[in-house]
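Heads up, the next two complexes both have chain A, just with different partners, chain B and then chain C.
Then we have the complex of A and B:
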């Protein structure tokens, strides 16, 4: 009974994330695009919650809520027609893109259906135990990866500020 | 098995939409949105593999955290490039970025 409820929730949230993901590229309004992407990312976070990865689900929703709000502001700043009133076409090589996306998706779908995945796990640790085990993983086996992620964030921050700085001296 | 397959098929479709967006859009910010969707699809795959195949392997969750870091950094560096591009040419349309050649 529980499994069927989980499957129904997976399908509903999956369809929501796909629908909003599709709407990102189907609307002329940049604000709607950003809000659609936000909704799609929240649906992905809810999918994580349904798959009992509570920490990651909450983290995804919080991070994406912030990121997409900032993205919406940038889009309004940089787009020539942020409200979409002019119905500008902002696409190119449309047929090629549709063909590439379809072919890649089809190949991956064939691989997924052809692979024998083995038995599914039915029992998983509770949220509290999951967080403890993830903490142990971060502080033991994956510590270097976690540290690398931290240094990468620092590097990204420095790179972003350096790139965005106005180069007044070289302008002339 | 249908739970795992459902999650993977959702991820495939999202990846396809993201790939379409990244290839077809002319605006830098919209291209970044396509990349975000593809990374989101990859994270669904990882969580599904963790939940339904290896719930004892917490390195998979660690990998999801790394993917989230990549998403945040892609946003930060991408917007920095957009800011600089907007400042120098007044537009973030990639069709007008032919001057970056050579």
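Then we have the complex of A and C:
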């Protein structure tokens, strides 16, 4: 019974995320487009939650909220779009996009069908245990990748702050 | 069941007190019946919709605003076992939900299709993106000490020494960021009554405005509970039961928010962002570093 409820939720959320993804291109405004994309990503975050991957779900929902808002603010800064009355077209290079989308959908479908996904997980570790396992993964097998990314971002942050602080070259 | 009832009662009392104090911070007089009058007035007020508003965002924004705040309060403990939902990713979840306050304010401001609303909406997004960074970085340091993202785990890690003393930089950052996220004065730029005539909420009336106003009171209460749980030892304290301690500490934090707001001038928008990105973020990094060193020692 539980599995079937989970499955129904998965299907509904999957369809929702596709529908919002489609809405991204069907609106006439940058902000609506950005928020449709956000809704699509939140639906994917909810998919993680339904699959009992609590950390990933919460992280996805958090990150996407900030990212899409930043995207919206930048798009507004460059293009303006007062109240969505600009009637902008969100699509361009239609034939090329359709071709690219079809090819990639086909590749993804082939990958989904061709890859051996292994046996289904019979029992899922609790959320707390998942967090611990994730930490172990990050600091053991994937340490190189995460530490490289982490140090790069930290360096970027420190560099940006140093440039912004006008202690040495204060013209006033 | 009794626990849930107790939490709800404390919660309602807390929201009412927040509303009373909010009025005090603006008017300087304690009007105990003020929030009730305000509630009734907004409840029956005519609903005026701006011309050419964006219907979907206009209707969604107030509901989203209050919904995400209720999600945060559901995971915060009011006592040792007094928590509605005990999430293993509690600390992360707080920030995830707070991000959507920003999204709802942006939706609100933009959907009105008016100048004040638009400026308020974009201001709120700049302010909340900035300050949710320090919130999450300060939270990281508390999680590091507790070695757990359970809110209960964070409280229990403060058994020997409260986090306000263990990581004072983190506390100051979280406290100020909490004020900025709740856009309380002097950080009330998104709604800035004096200059933007209500900003992001400018053209909302009736029930929608009520949801925003109510949501803001709940938000202040939520963030005060969060400060209590993360930095002031949560339910810990002698003699009295845990939930009383949390309630008293929360009230103290909230009162301090409003008192600061009453006596400080509103910060200029560019200064607000500048202080944060140039000084707040380095301080937050320093805080994580210091806590890391203290934990290894």
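Throughout what follows, the second predicted complex is superposed on the first by the 133 of 172 C-alpha atoms of A that agree within 3 Å, B and C clash if a C-alpha of one lies under 4 Å from a C-alpha of the other, contacts with A are read in each partner's own complex, and residues count from 1 in each chain.
Heads up, the rule we're going with is that contacts are C-beta pairs under 8 Å (C-beta built on N, C-alpha and C of every residue); 3 or more make two chains touch, one makes a residue touch a chain.
No experiment lies behind these values; they were computed from the predicted model shown.
Participant: For A:69, decide between first (touching chain B), second (touching chain C), both and neither.
Facilitator: Once the two structures are laid over each other on A, A:69 reaches chain C alone.
Participant: Please indicate which partner A:133 is in contact with in the superposed arrangement: first for chain B, second for chain C, both, or neither.
Facilitator: first
Participant: Answer with first, second, both or neither: which of chain B and chain C does A:52 touch in the superposed model?
Facilitator: first
Participant: Identify the partner contact of A:61: answer first if only chain B is touched, second if only chain C is, both if each is, neither if none is.
Facilitator: Second partner only, chain C.
Participant: When the two structures are laid over each other on chain A, which of chain B and chain C touches more residues of chain A?
Facilitator: The partner that reaches more residues of chain A in the superposed model: B.
Participant: Name the contact category of A:100: first (chain B only), second (chain C only), both, or neither.
Facilitator: first
Participant: Touching A:157, do we find chain B (first), chain C (second), both, or neither?
Facilitator: A:157: touches chain B and chain C.
Participant: Just chain B (first), just chain C (second), both, or neither: which does A:32 touch?
Facilitator: After superposing on A, A:32 lies in contact with chain C but is clear of chain B.
Participant: Where on chain A do the contacts from chain B and from chain C line up?
Facilitator: Overlap of chain B and chain C footprints on chain A: residues 55, 59, 70, 130, 157, 161, 164.
Participant: Using the touch rule from the top, collect the residues of chain C that touch chain A in their complex.
Facilitator: Going by the criterion above, the answer is residues 52-54, 56-57, 87-89, 92-93, 95-96, 99-100, 102-103, 106-107, 110-114, 118, 122, 125-126, 129, 132, 148-150, 277-278, 281-282, 285.
Participant: In their shared complex, at which residues does chain A touch chain C?
Facilitator: Within the complex, chain A touches chain C at residues 31-32, 35, 38, 54-55, 58-59, 61-62, 65-66, 68-70, 72-73, 76, 82-85, 126-128, 130-131, 154, 157-158, 161, 164-165.
Participant: What part of chain B is in contact with chain A in the complex they form?
Facilitator: 1-10, 12-21, 23-30, 32-34, 36-37, 40, 43-44, 47-48, 50-55, 58-59, 61-62, 64-66, 68-69, 71-73, 75-77, 79-84, 86-87, 91-93, 95
Participant: Which stretch or stretches of chain A touch chain B in the complex?
Facilitator: 3, 6-7, 10-11, 14, 17-18, 21-22, 24-25, 30, 33-34, 37, 40-41, 44, 47-48, 51-53, 55-56, 59-60, 63, 67, 70-71, 74-75, 77-80, 90-94, 96-98, 100-102, 104-105, 108-109, 112-113, 117-118, 120-121, 123-125, 130, 133-134, 136-138, 141-142, 145-146, 149, 152-153, 156-157, 159-164, 166
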